[in-house]
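Right after this note come the structures.
Below are two complexes that have chain A in common, paired first with chain B and then with chain C.
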Partner chain A sequence: MPAIHKFSKTGNNKRNAENDGDFPMKRWLKNKRIKEDIQHKEWEQSFIKSKDFKKIFYYNQKTNVRFGLTFMATLVDENIIQEGILPNLLDEEFREIEDIKQLVPIADVQICDDPSLIEQKIMNGYVMLTIETELKHFGFIAAQKEIVRAISQPEVEFSVIGPKEAFVESLGQNLNLIRKRLPVKELIIEEFTLGSLSKTGVAMLYMENITNEDNVNTVRQRLTNVKFDAITDSSYIVQLISDNSNSPFPQLLDTERPDRVAGILAEGKVAIVVDGSPHVLITPTTLVEFFSSFEDYFLNYLLSSFFRLIRVFAVAFSILITPIYVAALSYHYELIPKDLMSTLITSRREIPLPPILEALFLELTIELLREAGARLPTKVGQTIGIVGGIVIGTASVEAGLTSNVLLIIVALAALASFTTPVYRMGNTIRLLRFPFLFFAELWGLLGIVFCFCLLLTHLVRLTSLGRPFLEPLYPPRVVDMKDALIRLPFEKQSKRPLFLRTKNPIRFSKKKAQEKKDIDE
Partner chain B sequence: MQEQPIPDRLKISPFLVFYLIMSMQIGIGVLGYQRIIALKAGYDAWMSILFAGGCIHVIVWMMYKIGDTVDGDIVTAHKYIAGNFFGKVLSSIFIGYFTLYSLTVIRTFIEVIQVWMFPEMSTFWFAFGFMILCVYIIFGGFRTVVGLAFFGLVLPAYLLLTFGWAIKFANFYNLLPLLDHSIKELLTASYYMSLTFIGFEIILFFYPFIKEPKKSQKWAHLAVLTTTLIYTVLAIITFAYFAEEQLAKQIWATLAMWKIVEMPFVERFEYIGIANWNLIILPNVCISVWIASRLIKRIMNVRQKIGVFFIVGAVLVLINFLDTREKINMLNDYIGKMGFAFTFIYIPMLFAAVMIAKKVKKKKGKKR
Partner chain C sequence: MKRLVLLLVAILLTGCVEKEIIDDINIEVAVGYDKSEDGKGYRGTVLFQQFQPDQSVENVTFTGGGKLRQDLLLEVTKQSSEPVVTGGLKLAIFGPELVKEGIYDLVDSFQRDPSIGARLFLATSEGKSGDLLKGEYGSRGNSKYIYNLINHNIEKRDIPKTNLHLAARDFYQKGKDLFLPRLKQTGQDKVEIVGISLFQEDKEVDILPVEKMFFFKLLVDKYSEGNFDVKTSEDARAAIQSIRSKHQIKVLNRRAKINIEIYGIIREYTGKVLTPEIIKEVEKKLEDQVERESVKLLKRFQELGIDPVGFGQMTKQQHRNFDFKKWEDEYKQLTFDVKCDVVIGETGVIE
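Here is the complex of A and B:
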């Protein structure tokens, strides 16, 4: 095997022209070829400026055909060129461009004659092959350098029970993780290239025989309509294809668990995988889905129903408790029973601030801690948490800035907001507390209910992919309640969610699955 | 002008009619109807509630018959019997009715707030906030309005349980002796009860928005039945809880009963109750504003959004003139009488007219 190859410099126009002269051809043909040559050179102009652009010429040892390889050194795997492409092209009998399909032992080899494809292919990590005798045709050989992070444990959606695989940043790897779990031909993967600069590969996944076609068409339509230059993560897609981009609520669910994606595909939803993002999007989704962790499906239904209810309660608590404190202490002293009142008065006796300022002060402190903790490296973040939680908390109570009752309330509210299994929803809940605080200060309990009405209206109006976001609460669908705030056992889940309008609503035949047994049989 | 059919995606499922009617019926009246009927028929008045409820079923049946015959709402029905121009004149009366209705509801609610919670609260600014919320809801379309009606009924449903505290202190011998009032007295009480019941007449206005209207009829009847039962049970509890002379002094008997509710963490439950009532009042106002703006759209051929702003503006201007208890009372009486005239007199007349018109048109059709 020839270890050293002859490298010649890029842009060797003169020798090309000389070769043309040698060739006994009519003058018009020659002119035409030169014209095409110039066209080739136009696309090269900006490439040449980059250091990693390589154009190298070789001679085949048997036929003496001169061919060139053009590629971006940063995108291709040099091992593939050295071992898979070059030895075969140099040593075997190589006459015309069609031969590479036999000679090169790589699956993805294409031959085309459209010069407009050149840039895209080279930028996707292909090696372009040209032969001086066939300047019209180009061969493209896939030689992408794949740098893939090893599959690790899910960090955001960790679960004690169940699979520990999480998505990584590679589209191919992620698709593999999903396909492995649904090895049927009905799982369709459609691919799009989005972003005028980033050329991000985006895949849409659905089950051909289950998913409602309207949903698939809507997603396809929205994806093709995306107008943006650089899409670097799936969060961009979330914001670009949401029904209402002015809403603080996420209208697409993102997950890093392949098992969850496989689960929802089987339910008849659509998944969107974005290259370079370890989060896969799920749509259409509903509010209650944000309160369900995929671990719920690994536990007994009684336990998981209980946990789900706890989460809903926690969220309501987290949003409402501080506003209720403010409302009760600003306006409705009468609401609080005598014994509880004395506790509250003792704790608030020396506080100079009105309840709203006290609450805002503590809420903002918690938000600051959270934001600082999220931006700092893990170890420093932990220190900040301790410093903030213990030192600032205790100190502000001792200094008489806040009452310790409120400190407990705010800390509990912050804790409760972490119970949401989906991180995005936790962020929304952080924000929601502040309008409630404002209205509580304005109109007391009435203001809280008023703000709740506003929130409710917003949720009723919200849609995910045109499907109501509050389903199955509104429009009320009793059959879909089986997997909403509570989760019934799998035997009861014989039908797919009604609101997805699936093509095949039956998951399994209930009659066959359930044989009724009498006592002692 | 050809009527535009309502697209299917904007229509509501038949069973939602249940929530729509109930949430429209249960509103501000529940807070204090017990005193009024007890003044007329004493503690036999609960029978009057059942009687009034029974009558309403007949009216509901008539409304469905009208809707079915003309295949549309009241505007279509008016056109059916009186032609295009006079039909529109007849229909436009109801713009005023529903505007006044929403005005009455919101002003009375603010009155309750001012008496029980915040004596200093500005009528205009609260109404302003409330109306912005309504506009936000109505701009979401009819489905959003129905959604709020649904939650406005389901979420505060727990309030029913709180009357359990009153049962602890109830004396059901208060109701005895039965039937010591004349039929006339009972009927008068029924008449006053009907003011609390009105709200079910909205069927005539949203009829074209129901997916399968015929299937919804049973839900409408069920809604009226449920409301009747709730009112009756609540009245019986109230009668058992208060002595007759005591009740005569309670303008808002329902609220007064909450005073007895006692929990380890809540002392004066009526604050929570009134705050929650915001959610019950909201569909009342929203539905009536929606109907009024829809009528404007149907009659004058303008966009519904303009109609909504017009109604909301009118309510916000008019509410400033209602500054005393007497005026609010007068408005309540007035709207009650209008409601009674509309539901129990006008609808049967309309029903008869539609039936006659149907026969006449059939004959004409045969002659041709």
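Here is the complex of A and C:
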């Protein structure tokens, strides 16, 4: 028996395999055999056009039974076939299809009689086994080729302290990363196949004894209702199952940290893992969660509360500072402190543009730099960022196109918008600045207030999986404030978030937790 | 779609707000009013700041005349290269002749202009206010210079708290009269405070000299950081610093009881040794002086028929059946009983 089987077009192999037999008796027997399994069937018509479709026949050494292996060469692992399947099927006593369960040392072996499953199984990387004696039954042996990127450090949500594992593009690997952190039977993984073409595996994770059933049912229903042909990333799912797809705000949190997913599952939220995506979705979520980095939980609560407040300030600053500059300079000179007046006036005197055009010019420059930086390889991107920032900024001030005060303001605002730990929210903030600028130009501070009211109305109406997006700020839930804009120490976090309506709201007994014993006792 | 149309209509059809881009306007920072030469109306001087590229400030003044404040603005607009706006006004100075005739109309116009802040300082001047504004004081502009001059004297020295808001309150309130700080140009680049102008209604009737300002502030305001010298003997003087004071006034049966509490620290003493006895003596001396001078001041106000301390207003607060018609006579017969309590808390580091 040759150690290496060459996979080539159907037929060539058949001949090779048949020539194995040296006995005339055998050859005679062969001619008597029915050829039904060798003939092309109707479902194969599309398959045979593909180069990687293989259908190969072998004879068992002991019983001389002919069996065929059908598979896609690009989807299966050759080593599994060569070392796990073929040696056993060729050399051991193999008579009927039931035998493969004993003969093949692979866990996922199925036998069925439903021809409609064939396409799906083959496309999922199974090897189909047919045997001449039992043409009505098919055996499926899992032999998927798993090309998995090594687990690397999180890049978007990097943290100095804490675990350095990030999700990869494989569903199985990602589920393993999560289950490792929550090794309890209550962690339920439900799997769906979404996308009429992509057949993407999507897993929904929740804790059976904690998560509110309504949340689970909503996610399940939304996932089963997804109608799209090719789902290539979890971002598709975000947009397809969001409550309001017209909102610039992301209503599902995505993370690349398995520890964060484990943390939110324990809180009673639902996680959605999509095959082929290194980002796992978390739902339901709230606005404040987008400003909390998972690193906050690794730091002392005083520090993390301070950092969270800084982030909230940075976001407000980033959205509002340029519009306020435009409003104050165009309409409200009374509000400018007298000491600042000379700085502003002298820096603006030579500038031919009104404040709004000046601000738009700089904001667009920054946006261009960001877009250019994002599209270029890392090293070039950094250079573009630095060169663009310094050279364009300084040059435009020297050329008298913008005032240096505004340059500082816009640079600071751009810097502040990078402090949001979730990249998706950072993009939203980039966009929000422009309507504010427009209204500031139109009506001054009144316009900013008006635009803020519009924003607030939108946020109040927004829901994530039917749960209010602005919670605990609105509706006000004082209990949930413990882990919102600030974070209280873990001893105070004995209850799960109220808005999730969990089955078991108690995380741990508060009384027992606070007994800290001294060594003397 | 319907919503979008409505939004567009709302945005596009609403009226335009007047745009005032800061480098395209001339911001009025101070104004001085004097009586015009022909005796009709007034002559106004408006001060603008011109910021130089090296961050220094050039003072630019325009003058105009008229009967209303509006006239002045119109005249100045004719001379100015950019539209004149009033939102930066920090200082309004009234010349000596005008003050005697009444300043109500002008103060009133400040109040009606929404872009003028309530923290505008009103002041009177000795000599023409126009000349005062045309000087060159400091490098940060005349308006800022005079504003800071008045401001730090209010915070740390002897001028009682005053601004447009308080002046208007004093003016409109029955039973209290207006007072404003009085400035004098002592040189082309110097200006100083020379007292407090006391008003009856909106006309200046008296000027309080600088020496009396300490006692006046004790009566109408509170000190948070004051200074005063006490003469204990022929060659010994004690300088009291960091004075904190408060006062309490009660009017009962035509007797006004005024309690003044003063807390201070002796920082300088020109005598030989500062013994506890001397400190006691300093306290006593100061108490006597405050009581004596205060009564003197109050008597003087009574003779002039003005009430800058606000006895009328205080009596009104403390009595249910108060009648202003009777009060005018009652005020003339009011007797004053000033009690002063001085505490010297520290005498310096070395004993």
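Note that in this section the second predicted complex is superposed on the first by the 477 of 521 C-alpha atoms of A that agree within 3 Å, B and C clash if a C-alpha of one lies under 4 Å from a C-alpha of the other, contacts with A are read in each partner's own complex, and residues count from 1 in each chain.
Note that a residue touches a chain if its C-beta (ideal position, glycine included) is under 8 Å from a C-beta of that chain, and two chains touch if they have at least 3 such contacts.
Because the structure is predicted, anything quoted here is derived from the model rather than measured.
Mind working out whether A:W443 is in touch with chain B, chain C, both or neither, as first, second, both or neither?
In the superposition, A:W443 contacts both chain B and chain C.
First (chain B), second (chain C), both or neither: which does A:V460 touch?
Only chain B is touched by A:V460; chain C is not.
A:P355 in the overlay: touching chain B, chain C, both, or neither? Say first, second, both or neither.
second
Go through the superposed model and pick first if A:P337 touches only chain B, second if only chain C, both, or neither.
first
Just to be sure I read the superposition right, which of the two partners does A:L470 touch: chain B = first, chain C = second, or both, or neither?
Only chain B; A:L470 stays clear of chain C.
One more residue to check, A:I188. First (chain B), second (chain C), both or neither?
After superposing on A, A:I188 lies clear of both chain B and chain C.
Find the residues of chain A that appear in the contact set with chain B and again in the contact set with chain C.
The overlap between the chain B and chain C interfaces on chain A comprises residues 331, 334, 336, 338, 443-444, 446.
Which residues, counting only chain C, touch chain A once they are in their complex?
11, 14, 17-23, 25, 27, 49, 51-53, 55, 57, 85, 87-88, 90, 115, 117, 144
Mind pulling up the chain B residues that touch chain A in the complex?
12-13, 16, 113, 117-118, 121, 126, 129-130, 133, 136-137, 140, 143-144, 147-148, 150-151, 262-268, 271-272, 274-276, 278-279, 282
Would you tell me which residues of chain A are touching chain C in their complex?
Against chain C, the touching part of chain A is residues 329-331, 333-334, 336, 338, 341-346, 348-349, 351, 354-355, 442-444, 446.
Please name which positions on chain A make contact with chain B in the complex.
Contacts found on chain A: 331-332, 334-338, 340, 443-446, 448-450, 452-454, 456-457, 460-461, 470, 474-476.
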